[in-house]
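Can you keep this structure in mind? I'll have questions shortly.
Order as written gives the chain letters A, B, C and D; numbering starts at 1 within each chain.
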Amino acid sequence: MSLVNFTTREITCKIVYYGPGRSGKTTNLQYVYSQVPSDRKGQMVSLATRTDRTLFFDFLPLDLGTISGFTTKFQLYTVPGQVYYNATRKLVLQGADGVVFVADSQLRQLDENLESLQNLQANILEHGVDVRTMPMVIQFNKQDLPPELILTPPELDDALNFRALPTFPADALHGPGVFETLKGIAAGVLRGLSEGSGGIRRL
Amino acid sequence: MSTTTVVEAWAEAPLVRYVSQASARLVVVMTPAGQVLAQHGFARAMDLMAAAALGAAIMASSGALAQQLGERSFGALFHAGRHHGIHLALCPTPRGSLIVLTVFGRETSIGLVELFYEEFAAALKRAAPVEQVREPVLAKDFEADLNRSLTSLFRR
Amino acid sequence: MNEQLQRALDRISRVRGVRGSMWVAAEDGIPVAQLLMEGVRGKAVAALAASLARKVSGAAAATGAGRVRFVQMEAAGGTLLVAPAAQDLLIVALAESRVNVGLARLEMIRAAEAALA
Amino acid sequence: MPDDIRALTAALARDPKTLVYADLADALRRRGQRQEALQVALQGLTRHPMHADGHDCLARIYADLGDLERARLAWSKALEIAPDHMGSLRGVAFLLFRQGDLAAAESALQKVLARAPSDEGARRALAVVRAGRGAAGAAAGPPPPVAEPSPTAQRPPVFFGFDGATADILLLDQRGLVLAGGLTDAEGKDASELAAAALAGVSGEAARTAEYLGLGSWSAIVTEAETANLVVAPVGDGALLLVRRDRSTAVGLALRFAERARGIALAWLKGQGA
């Protein structure tokens, strides 16, 4: 749950980038890290294997600036994508204020996307949170690959987006879509802190 | 911010006392999700967040390991380094479970840290309020601010 | 090793007025072996005695007195005794004020020297 | 008002922008006017936030006031601005020593000596720190003789008539500042300040230990060491007495001697209005 410090007027939110293995979650964080001036970010912490696969999580603290008079900080986390790391995924997901689901647009990865999405829902449920109230966006990553290898955003929308969540086509390696995705999830999470919203509901 | 700062005021008095009793160099009180509630000794907010994220991760993974072994949880963890030691412990409070990470140097000892941590944990438990339903904090039109902030963040 | 440590504690605790004795890891301030009467907080005694011994050793060095063999802190409600031994161990005893310090000290220094061997 | 302080105050009044404030603050500190010193230093630093000498001076004032955390911060600031600032390097080493972090104190003193190999104070302190850490033979040889006169001569002769009045009896306050008496090292040189700094930590630790273990207030610590027996005892409100006796003196006798010295010290402190 977002942490609000009324004395210093600070908000801190935890955002988790979720998705199947090699869909580009870490790449999203790396791109953000490379673009943001150093006074607005902290060290990027990566707990990765020697082959650069995320072992536990990546972590990037980000200073978004002042919103409605509150200094707003985001903590971006990724989870390991591989199926057998579910225990760690569940740990990282704990206390998340919002989730970015990074889908791999490649046709041959469709099943992995679906499996990961189901796994996300199950893990959110296990934390006792009503999935429908968890701010979430979907990013269709790798849209830069040759058209014959990937599905188009409308096709992916049909296949993955049952809850009519905001979606963002992206090429995280080179940047397009990364910013829009972050903005989308930020808006979703902060809406939960604004007037007339119920926020995340526990079951 | 290199002395003590707190997000929730009730944590301040117990923390100040603990730091001085245990001669701790750095202390972070956080939620199991890695959100910082109070800290002492960090020079940069961003270093603090990374320490909290890693501390919460250690606690979470050792807790998961404990469960696999049929233990309820490990009460506290201690690592000794050449110049620093860390003490990491779970502290149940009415505000929910909290994690306390303590970094200490050779001027004190793990024995003293453990001794005074017990008092600290008890003080936190006494001081913590039950988590309350929160009033909305942001104005309805926060999105204009968000756009402006993100645009400057990405220098667009 | 463990048995030898325990035997030393037995002997020290037999001295009238001793409420508890323990071997303490000096650097960590943690009890290694202990024999305590009810109501004595072993962890607290170990942590505080080790810390006191360290500060006293620093002061002794600063006054040019050299390595410390025995420390005795007298207080209104009792006496704390500490003797540094080998392998970064301390032998610590908590006693009532009326304790025969000479006797307790003898047993402790003997134990410390035995641990050295 | 002594002349130096008057002259410095006048100089600062003529030109508030000068760096003289640091000298004035230090002069005030040396006279024991710590609050005034603090005010002058803080005001000066608002005008000269990058003045390393000013931060160094501020740190000394805090150290005298017993606020070691603020002292540490001020010295760190000075070293951020001027990494080779000798006063601050020495100050940091002193702090670490006083806090009992001998490992860190040793490396800090080595830094001082690397820049000023002829700093005798640092060399002696290093030898003591190493002895305290039990590093056999690590001491940097016996320190060469120092020409300066022993500062014990300038201290009040409170223990006049006692055996070892200026060599084996030391009265200090809770911040580790020498009040009276004196302590010499094996070469007969004054070691009072170093000993006082180390002892200040003992007093606080003893009080805490006695309190936590439910022993009430502490009355004495007797230490048998390799070459001497030491008795440390609280005197009145916050002062501390150290008595050093030869190893051959029975502990009981040393305690009686300390008790007599304590009586004298207490009477003297009362006379001082303390």
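One rule holds for everything that comes next: contacts are C-beta pairs under 8 Å (C-beta built on N, C-alpha and C of every residue); 3 or more make two chains touch, one makes a residue touch a chain.
Keep in mind that what you see is a predicted model, and the values were worked out from it rather than measured.
Engineer: Taking contacts as defined above, which has more of them, C-D or B-D?
Structural biologist: Answer to which pair has more contacts is C-D.
Engineer: For which chain is the distance between its Cα centroid and the global protein Cα centroid smallest?
Structural biologist: Given all protein C-alpha atoms shown, the central chain works out to be B.
Engineer: If you average the CA atoms of chain C and of chain D, how many Å lie between those two points?
Structural biologist: 29
Engineer: Roughly how far is chain A from chain D, centre to centre by C-alpha average, rounded to an integer in Å?
Structural biologist: Measuring from centre to centre gives 56 Å for this pair.
Engineer: Let me have the rounded angstrom distance from the C-alpha centre of chain B over to the C-alpha centre of chain D, please.
Structural biologist: Centre-to-centre distance between chain B and chain D: 36 Å.
Engineer: Determine the centre-to-centre distance between chain A and chain B, using the mean Cα coordinates as centres, and give it in whole Å.
Structural biologist: 24
Engineer: Return the residues of chain B touching two or more other chains; collapse runs of consecutive numbers into ranges.
Structural biologist: Expected reply: 115.
Engineer: Show the residues in chain A shared as contacts by 2 or more other chains, in ascending order.
Structural biologist: In chain A, no residue touches two or more other chains.
Engineer: Would you please write down the residue numbers of chain C that are in contact with two or more other chains?
Structural biologist: Answer for chain C, listing residues that touch two or more other chains: 44, 48, 51.
Engineer: Could you run through all the chain pairs that touch each other?
Structural biologist: A-B, B-C, B-D, C-D
Engineer: Which bits of chain B are touching chain A when the two form their complex?
Structural biologist: That would be residues 5-9, 31-37, 44-47, 49-50, 53-54, 57, 60-61, 64, 134, 136-140, 142-143, 145-150, 152-156 of chain B.
Engineer: Write out the stretch or stretches of chain C touching chain D in their complex.
Structural biologist: 41, 44-45, 48-49, 51-52, 54-80, 94
Engineer: Give the list of chain C residues in touch with chain B in this complex.
Structural biologist: Checking each residue of chain C against chain B gives 24-25, 27-30, 43-44, 46-48, 50-51.
Engineer: With touch defined as at the start, can you tell me which chain B residues reach chain C in the complex?
Structural biologist: 80, 108-112, 114-115
Engineer: How about chain B: which of its residues touch chain D in the complex?
Structural biologist: On the chain B side, the touching residues are 2-3, 23, 83, 105-107, 115.
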